[in-house]
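Multiple structures follow.
Look at the two complexes coming up: chain A is in both, with chain B in one and chain C in the other.
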Partner chain A sequence: MVATSSSTAAASRAAKLMKRRSRVRFYEIIVWIAAIAAFFVLPSKMLILTEIAILALFAVSLDLVLGFAGIVSLGHTAFFGLGAYIAGLVALHYVAEPVVGLLVAGIGAGLLGFVTSFLILRGSDLTRLMTTLGIGLMMAEMANQMAWLTGGADGLSGFSLGPILGLFEFDLFGKTGYVYCLVVLFVGTMLMRRLAFSPFGLSLKAIKANPMRAGMIAIPARKRIVTVYTIAAVFAGMAGALLAQTTSFVSPDVLAFHRSADVLLVLTIGGTGYLYGGIFGAVLFTLVKDWLSIVTPQYWMFYIGLILVVLVLVGRDRLARWVEYLPERLSKSKEEGR
Partner chain B sequence: MLTILFDGVAYGMLLFILACGLTVTLGLMNFINLAHGAFAMAGGYVTVVMMNRYGISFYWCLPAAFIASALIGLVLERTLYQWLYQVSHLDQVLFSIGIVFMAVAATDYFMGGQQQLINLPPELSGRMDVFGVGVGRYRLFTIVVCAALALALQLILSKTRFGSRLRAAVDDRRVAMGLGINVPLVFALTFAFGSGLAGLGGAMGAEILGLDPNFPLKFMIYFLIVVSVGGTSTVSGPFLAAMLLGIADVAGKYYVPAIGPFVIYALMIVMLIVRPNGLFSRGSR
Partner chain C sequence: MSDIVLETRNLKRSFGAFLATNDVSLKVERGARHALIGPNGAGKTTLINLLTGVLPPSEGQVFLEGEDITSLASFRRVNRGLTRTFQINQLFNDFTPLETVALAIAEREGIGHNLWTSIAGYGSIVEEAAALLARFGLASVMGERSVILPYGKQRLLEIALAFASRPRVLLLDEPAAGVPEDERHEVLAIVSDLPSDVTVLLIEHDMDLVFSFANRISVLVAGALFTEGTVAEISADPRVKAVYLGENA
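Moving on to the complex of A and B:
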């Protein structure tokens, strides 16, 4: 009797904790309002806003793997690139309607994620790094070699997209493109958020913290990692598809190694483990990169490298805690979530 | 056929010299240093500058490349790397990628983006016939030098006092410190030595592997394969892995050019699945 009542008490406490963790926070609302406001306030900056939205979706999907499951991946761009190529090919040969391409790209990238997830189950951080890096390079090489399908080094071009759902035509200024990407980003983030702040997400964090103990309290680590890796791959593929669809071009660059590094940097700037880090990071990263590529068109890479080195030396954690320096009311809601 | 094998061996030897410093950094200090190729590139460029601008003999350039890279390695280890041995792997990865990016951009700035060429001394260029097998003289030279170095390394590690200190520090850093071994000093010297070897490899490899600012990115995966397949606890493991990789890569590119690059990646992934801790590891940790 006592045992039952204490266990129900524990259950209700756990339910409360979960609810508190998953509550919508103040800054989240601000993010989305700002994203919508940007559409009206900055009509001439649609292209860079689209770029931010795509990078944000890509980064948020990596956060699911890195921030929650704790897997350091250097090959996340494999899914991004695959999604881009699939979306391009679908538009070129089959359907011009973008949403179909988006979904197909997601499924394709998810399949690759599912298959390759078994490779990252074993071994240490180093082994995982190597395997993910190897898969990324293999995909890049494949895209380069299969020129009959992908256009090789010239990239895939010559496809045009029809109106979204048959209703909204892509316009010259990229307005439709931005709204389209923003909607996908919003839906994607909400889905991942639902996942990340569920018991499932909590169990991932347990696996990240200590796989052995997680196993002892009956968390099936392998299954969880396979699942989350697959889901992250789906969204990364969709981000790639968005890039292909909004630019009507797929360059082999979508699979380049520096993209994997870029997205890691994005997460480093924004902070890992709470999804929105990907969005904040994407905004900052894109702005900085844009500014640098104007100042030093050829050598911006140097400064990106410098930022990385300084970030690590200063300490990533200290930087990721910038939210805490916000005024009291804003930061309170964040701390409760931890 | 034998020529391919020979070229593969030369290639593998080079990879070993390039990567064995990384073996130490990774295995000993548990530091994921993706920037190892940057040291090799530094050695390569030192050679290029000395030979092409100042006309110094190739044989003098090799030790110079070693010393220059070792010094760079020593300075970086003391100023930056040593603070990062304890941080998470993700931080190490980010840090070393940052170093790579900076090295690539800086080299591009100072030296230009084009492929660098060196003129080998006449006695090293060309081919000769050994028992009916066409053998590149330079490749033969490479094999001889690298084999000598590998042998010397093995002897240093297993026979000298420094080697035993190093091995003690690998096995258990704390106990080694307790025994009065100056572990940070051993680490710094080893790091510098490894960087120097990479620089030497870069200098010798300028002819075979090519040299341009993207060198550290292009060959990063090769170094990592050598280390992760070979394991980090011995010299012979990475040596055999480098041989295997060199031969597989040359043969793959020769026989099946269309899928050449896949051969090594596939090889690596299979290897990592079968033996996650390396081909010749001492068992899992």
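Moving on to the complex of A and C:
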């Protein structure tokens, strides 16, 4: 009898703990309220807000690969850039409606992600860094050489986008553009959030934490990595598509190495492994970059570098989850109080 | 009684010039409580690594239920009912015991690829995980991060995790090492309680545990099978004593 009641107690406590894992945290609500409030409070800042939303989606997609599966990448912009070009080409030759271009870009980038995922299954972090870097460089050079398709060094221009879903025209001030990007970011983050708390998401973290043990509880690591890498590529491609669509231009810069480095920096600032790090990081990175480029137009890169060094030295592993600290303490003290 | 579940044929593994596993042909019968003993450095853990696919053999084959599994990845062997514990805990540091065990159960049930439903949505898995943790005395710490648990608790989680996969062949690499004295027999009692068709291969240094638990013993010396027999035969074998005394001297 005692054993039965104690195991029932354990079961109900386990159910509670599991539910609490995936509950909506306080900071999540703040993020989305702030993003909506920005639309009304900062009407003149639509362009930078749009830039933040796009970078955030790009960074959140990298977090799936880096923060969950533990795969380092210096070539994530290959998917971003491919998505941007696909969206541009779709608008130029086929459909002006942006959501179609967005979806096609996601599928195209996902295909590239699927194919290249097999190259990162083996090897150490260094091998993966070099492989992803190499793929990124190849993509950049291909875009440069295939001028007949991509416009080469001049970039892809001369396309304009129709109203979103045939309803919402892009306006001069970028208001529609911001709302569009924000909605895509929101939906994308929510989808990835579901993934994060699913058995799949947990198995990715297991692969990252201890690949040998992961194998010994029957996790097919390679299959999982292929899947998550493909999904991350889809969202990165969509982020690229958003950039192409909101600026009506695709510069060869979308495939530049610095973008891959930037997005890693964004995740380092925001923290990895909980998705919102990509959003926090994108906000901070963009604002600091913007501010520095006004204050010291010639030397802002120096200060970005300095901030990076300080951040990594001071933060170390605490960095990975600084936002988790507050809510976890809150929830724990609540339970102990009872 | 010639129902062989796990078998190796001429298994060899070398690390450079060092032969860690030397031509081992081992047969483990279904339902056996088979112990693998031998002095330090005899290659016991290497043999377990070869059996579970953590290491590939240099030569030879491994058979599970008569099927050649030599080239299968670890996770496929686990799917076929072969799993293990590690001599040195191999846990997911940031996971809670609850998450750890629930994940193993989810993978066993084939829902690990589900990327839509939260684990909390699988009531039966959470329930089973809680029951398993309670059985191993881990219910009170199920929500803590594994890495901050006392070593004894981590050890119990290590073993509970192997149980979560519901193995038909379970390889235990010194399960009692580091478990507090009073919990030691509890651990072995849980292992002994396994259904009689579950086969257990145990590596252990504590001879009292081995003699009370096993019904068959293989002795490994310098990577090779030295001798094999029943508990009575091995405990009476003067050569085995010499091997161990030689080590202690």
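Just so it is clear, the second predicted complex is superposed on the first by the 298 of 338 C-alpha atoms of A that agree within 3 Å, B and C clash if a C-alpha of one lies under 4 Å from a C-alpha of the other, contacts with A are read in each partner's own complex, and residues count from 1 in each chain.
As a convention for this text, contacts are C-beta pairs under 8 Å (C-beta built on N, C-alpha and C of every residue); 3 or more make two chains touch, one makes a residue touch a chain.
In this text, all values refer to a predicted model and were calculated from it rather than measured experimentally.
In the superposed model, A:206 lies in contact with chain C only, and not with chain B. Contacts of A:22 after superposition: chain C is touched, whereas chain B is not reached. Once the two complexes are overlaid on the shared chain, A:215 sits against chain C while remaining clear of chain B. Of the two partner chains, neither chain B nor chain C is touched by A:69.
In the superposition on chain A, contact is made by A:145 with chain B only, not with chain C. Once chain A of one complex is fitted onto chain A of the other, the partner contacts of A:305 are limited to chain B, with no touch recorded for chain C.
Contacts of A:224 after superposition on the shared chain: chain C is touched, whereas chain B is not. In the superposition on chain A, contact of A:268 is made with chain B only, not with chain C. When the two complexes are laid over each other on chain A, chain A has no residue in contact with both chain B and chain C.
Across the complex, chain A is touched by residues 52-54, 73-76, 78-79, 83-84, 86, 90-96, 98-99, 102-104, 106-108, 111-120, 122-123, 126-127, 129-131, 133-134, 139, 142-143, 161-162, 164-165 of chain C. By the touch criterion stated above, chain A contacts chain C in their complex at residues 6-7, 9-11, 13-15, 17-19, 21-22, 194-195, 197-203, 205-206, 209-210, 212-221, 223-224, 227, 231. Chain A makes touch with chain B in their complex at residues 66, 72, 74, 119, 122-127, 129-131, 133-135, 137-138, 141-142, 145, 257-258, 261, 264-265, 268, 298-302, 304-309, 311-313, 316. Residues 26, 32, 80, 83-84, 87, 89-95, 97-106, 108-109, 217, 221, 224-225, 228, 258-259, 261-262, 265-266, 268-269, 272-273, 276-277 of chain B are the ones that touch chain A when the two sit in their complex.
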